[in-house]
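Each of the next two complexes has chain A plus one more chain, namely chain B in the first and chain C in the second.
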Partner chain A sequence: MAIITQQKTAERPAPISETSVLGWLRINLFSSSFNTILTLVMVFIVYLTISGVLAWGYLDATFVADKRRECYDFSLTGACWAGVIAWLDNIFYGRYPREELWRVNMGGLLLILWMIPLWISRVRGKILIGVSVIMFYPFLAGYLFTGGEKSWFMQFMVTGAFLAFFVNMANMLIGLTMNTSMDKFLLRLIGQSEAPDKTQRNILLGLVVLSFVIIFSVQSSWIVDGVSWTKWGGLFLTLVISGIGIASSLPLGIFLALGRRSKLPVVRVLSTGFIEVFRSVPLITVLFMATTMFPLFMPEGFFLNKLVQVIIAVVLFNACYMAEIVRAGLQAIPKGQFEGAHTIGLGYWGTMGLIIMPQALKHMIPNIVGNIIGLLKDTTLVSIIGLFDILGMLRSISKDVPWLGLHKEPLVFGAILFFLICFSMSKYSRHLEAKLSAGNKH
Partner chain B sequence: MKLKLTLMTMTAAAAFMMSGATTAAAETTLETVQARGHLRCQVGPPSPGYYNLDAAGEWYGLDVSICRSVAAAIFGDATKLEIQSVSSQARFTALANGDSDMLSRTATMTMSRDTQLGLDFLPPNFYDGQGFTVRKDSGITNALQLKGAKVCVTSGTTTELNLTDFSRENDLGISNVTFDDYNVRDDTYLNGGCDAVTGDKSSMAGNIGSFPVPSDHMILPETLSKEPLAPAVRHGDSQWADIVRWSVYALINAEELGITQANVDDMRANSKNPNVLRMLGVEGNLHEGLGLGKDWAYDIIKSQGNYGEIYEKYMGHGEQGIGIDRAGSLNALWTDGGLMYSPPMR
Partner chain C sequence: MSEQINTGQLASAATSEQMIEINQMNKWYGDFHVLKDINLTVHKGERFVICGPSGSGKSTLIRCINALEEHQEGDIIVDGIKLGKNLKNLDHIRTEVGMVFQNFNLFPHLTILENLTLGPVWVRKMPKADAIETAMKYLERVKIPEQALKYPGQLSGGQQQRVAIARSLCMSPKIMLFDEPTSALDPEMIKEVLDVMVELADTGMTMIVVTHEMGFAKTIADEVIFMDEGDIVERNKPEAFFGNPEHERTQQFLNQIL
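Right after this comes the complex of A and B.
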């Protein structure tokens, strides 16, 4: 006779041995005698490492001292972070005049503010924002950092930068609060949202010109002291060089890659030759050539400062690597895509710009970001040719008499700093990948 | 290493020849500097005592003071100066191609450099020499006891070659342990990786000062090499060479005459010594030959002090000094048995 019950047996929790911490430990770490031994050995190694690092870096370390001898008086084995702390301004800003540091901070802050709308989905007109950053920000930042008298062109660009920045900020606020774009909002505000297109365009154009004139007259009295590029240094210089390097090597790389795949023989040969030559020499050689030999070939009186030479060298060098990455992406696009583009009547640039490049670049994001991270770290080579970038500054601490011989702590600090920057870049690239390939997960 | 040195020499020589071709018709270095409004003075990557950055980002050191002296002599203002820090591979090229106006860095004056690289070396501002550092408890008291020892040395310099020569000459069988960075060299020595360290005595004195227990170590009395460290300028502009040369001599002469940063105003106003009056531009026309203003030497001493003061500040026991005793060394005045000697300024 079968025993049938209508009641469902009450749910019981999984056995303790499966769910508790102990259970997890037993299954994952102590499942056999071999694993147990392995676990214990690893725990011991981890303990040794952590306790050693902790003792050196924190427990025995000195954070407040005027010279290294005072650190030794406190502990002979601990780290001497006081030296790094005393040099923080040098590490971040180089020899930039101390009372002018706000300009560097302001430059960084402006860039971040400018870019924020790009990450907010409710803000409209992202392409315009991106273009405005690339077109105007370098001039505004360039003037902030170098200062001095403004040429007419510079005044023009600085005005443009301010205008673009203010519009961008207002656009973001309007987008966030009213979920519309700025031009529509303005037109509604003055009651012209129903006017014909042409009137609308004229009104907007008038507003732009008006605010341009106002800003122009205000900025012409805004003059900051000149600071020579020779005073730039530290993380600031590293970011300037790699920032310009990143921003210009990608577009340049795209053109080189297209050139290399071009059907026009001259373009193809030139692009290929350029890529192969620059890729076949070490960066340090390119840097040395740029700074010591280049001035010899130039006509007398022609003077390009060392920083510009270095930046050009870094850009050209990295553009070649970028070009090969982009080319790899182009190779991966099936022929059908090109043919499809042709059938809907797109020309060369239309095909490339609208169909091929977006796909190619998306595929290559990991490589591109990898290259960008490599570029950031490569820029430390400039410390060899006498620019005091972050590595140059970190190494100089051990030569400063109060901190003579202090070389481990600065390098550890630098390593942490680089890790933070590079890791956040790689995190961001993962995020970008996920966002862009949302449609075709496989 | 040899290859590296040869290559370096070749680029410098090539650069010199090309610059000779292009600047032949140009103005003098003094005119270029005056037109530019500041002096470009080349030092090396920071090196204790000679040229360092402090936490505020300012340069200081013995060689930096020479740069400042020349700037003061030309402009009457020691801050009209751009210090260029150039790696040792590019140092002579950067001078030859006109990037730097002068070189004031720990460059050893040697015959081949003076005659083949298109440089003119000027009076040495520091006499150095290579020596050994050992642990006191090792029982070694002179360099000949280093038989079969492991010696830590930085690579790519004459230091390494001198060590090999010394070992061969005395049949010591020393094995070199080479490093790129002297901090790592010192760490290795401190952790027992080698029995001795060799390097320039001045920099080793500074480094010992940074060891956890400096009194455990000592520098052996032997000196392996002569290292006269001197400023240098491009070959072919004698007036410019004269300006740098006499700026160095002015520092030494001022010490000899007892002129200091503190009393220079008083000396100029009240001194009866014709040598002092001539040098400070009260009498005579010494400045005319240099093409500088009457106050050139006064401006140097007023802004930098005399050689002895500078030495105490950076090489001696001053706040930023690396603690090398001057008395009895080659760097004392000739009147105290050293080599610091200035020809008469008259």
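Right after this comes the complex of A and C.
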């Protein structure tokens, strides 16, 4: 055979295994008699599983019944979904008053609407939107969920939340239709786009104050009935605990990680000690400590409700795990990045905030999302200390008289629900990774 | 200690202002004595080239000037400010002294333009539009304005190093330090970086360059310094340095690399 090719070699078609399904099957599933048998056995096992699940869960299942006995009258082998359906409101909202459920739904809807602009590339001012969600949304949602008389502080924050929300929505529409930001649009509308910077700023500030006053006077007459936190439950409670847990444990974790790597001995020792102590204790212990021991150490008359204690415990516990993840991310950043940042004169916070953290967090997205998923699932532990979160609700179905002993179906339903939530989070994290690493390889 | 410099039209300016003054400076890494009794004065507009075998302390020396490394004894005075524990002074000095690294150290998560405008916007508080204008000016000077919106990872090594030089220049530094700027580059890319550096030297920038590119040293250096084991063994004008080195150690070194 010649070593040197004199002429350009012509391209040949790829082998059949690369191009057709049949070829792929033959290579991968039926390449030898042993593999063929294995394939057939596996197909049979898959068939048994799917047909069994289908028969139990759908074909033989009962969807309409008033009590468990009626399910048995219909079919002895099928699932009794009627019990789950009868309890759906409880599973999602706990014992929240039925006529007030719109408030919970509204809270969820507001959050989704608030976040939508973050995913639209044409909308401007994403950082401000993100900040407004964290600063104002919790108060608006908090008021929606708890209701009652508003304190002055609450009035103020609720007004701020409405203002931020409306501006955010208007800004999105303007971004979508006119591809500009809201402040520029407003200034053009009143013919001041050429005015000096200071005038522009004063006009915008005036508009903000004016709309704040208007919204304030409108919202002050808006009062919803008080609902005690003890009525909260189900998926709603799970999402409240884990939502607050996620939103606060990441920032807290970042500061703990920075603290652990700090040059200042006091900061370093305190952060390290805090992380190690909370990480070495099981979550359930932390929860028990927070709800039973913590009040003993407090002065007489001091009272925090159990839900707040639980949330604080979950946040602190999870922040330690976040801190270790962030620290791992920080350690993956080459020393040259710090030096590069120093040579253009950035100080500690500038270096961390602009150069190091964005890279470290990006590297750690899979771990951070993994931790968030873990947190969501861990919050089901609060059912042990007497909060009726989704797991607590699912388990109480079996103690409800008409559905006595109904364990399997509620738990399967809960598993499906958790899978849907966690799987979509993990899918979203993959998407985020792909988006952030586009054109950005080392 | 420092000789009068009469080369080129910059001579008069060069003798007037001291940019860097190092007196009896010592540095240790643990027990290891890296820099021994270093004395060096650099005037405005002077170009120094430092060479020497690896481990001789030449990189450490210029990293000390930028306060990336701490020295334990002696004084380093940069632009009239004494380096020390004072963090405010350090930040100030870093904005006055630009540095280019062997491994570029660009920020991979930012575009070229963002890499260049970050310092001016956040440290110098320059309006963004002005910062972009400055950045484009320097990108044109290093001949890659068309890459402005790409990420560092999409550029060749030579292009990345030119971006790194432009990034330093955007801070309008008074002194530029180069730490083996061409050592990590493929041979055909070394020239494009050296060309940019020669042009920069022609503008009268004060430069200290650690390099083994002897052709480059001959072209731009006012003086060449040879370091070995933490000592400045020899310093001389390029012609004298390469023509008849005084020290035996210098001769050996030059024989090996030329």
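We adopt the following convention: the second predicted complex is superposed on the first by the 412 of 442 C-alpha atoms of A that agree within 3 Å, B and C clash if a C-alpha of one lies under 4 Å from a C-alpha of the other, contacts with A are read in each partner's own complex, and residues count from 1 in each chain.
By our rule, contacts are C-beta pairs under 8 Å (C-beta built on N, C-alpha and C of every residue); 3 or more make two chains touch, one makes a residue touch a chain.
Remember, predicted model here, so these are calculated numbers, not experimental data.
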{"item": "Fit-or-clash call for chain B and chain C when the two complexes are aligned on chain A", "value": "fit"}
{"item": "Touched partner set for A:L346, first chain B, second chain C, both or neither", "value": "second"}
{"item": "First (chain B), second (chain C), both or neither touched by A:T230", "value": "first"}
{"item": "Chain B versus chain C, judged by how many residues of chain A each one touches", "value": "B"}
{"item": "Spatial angle chain C-chain A-chain B, Cα centroids [nearest 10 degrees]", "value": "140"}
{"item": "Partner chain(s) touched by A:P358 [first = chain B, second = chain C, both, neither]", "value": "second"}
{"item": "First, second, both or neither for A:F288, with chain B first and chain C second", "value": "first"}
{"item": "Partner chain(s) touched by A:S51 [first = chain B, second = chain C, both, neither]", "value": "neither"}
{"item": "Touching partner for A:T199 - first (chain B), second (chain C), both, neither", "value": "neither"}
{"item": "Touched partner set for A:A86, first chain B, second chain C, both or neither", "value": "first"}
{"item": "Chain B and chain C, minimum CA distance [Å, superposed model]", "value": "50"}
{"item": "Residues of chain A that lie at the interface with chain B and also at the interface with chain C", "value": "none"}
{"item": "Touch list for chain B against partner chain A, complex", "value": "11, 15, 18-19, 22-23, 26, 45-49, 52-58, 82, 84-87, 89-90, 93-94, 97-99, 181, 183-184, 186, 206-207, 209-213, 320-322"}
{"item": "Residues of chain A touching chain C in the complex", "value": "336-337, 339-347, 350, 354-355, 358-359, 362, 439-442"}
{"item": "Interfacial residue positions of chain C with respect to chain A in the complex", "value": "66, 68, 91, 94-95, 97-99, 101, 103, 105-109, 118-119, 122-124, 150-151, 153-154, 167-168, 171"}
{"item": "Chain B-facing residues of chain A, complex", "value": "68, 72, 76, 86-87, 89-90, 94-96, 98, 228, 230-231, 233, 288, 291-293, 295-296, 300, 384-386, 388, 392-393, 395-396, 398-402, 404-407"}
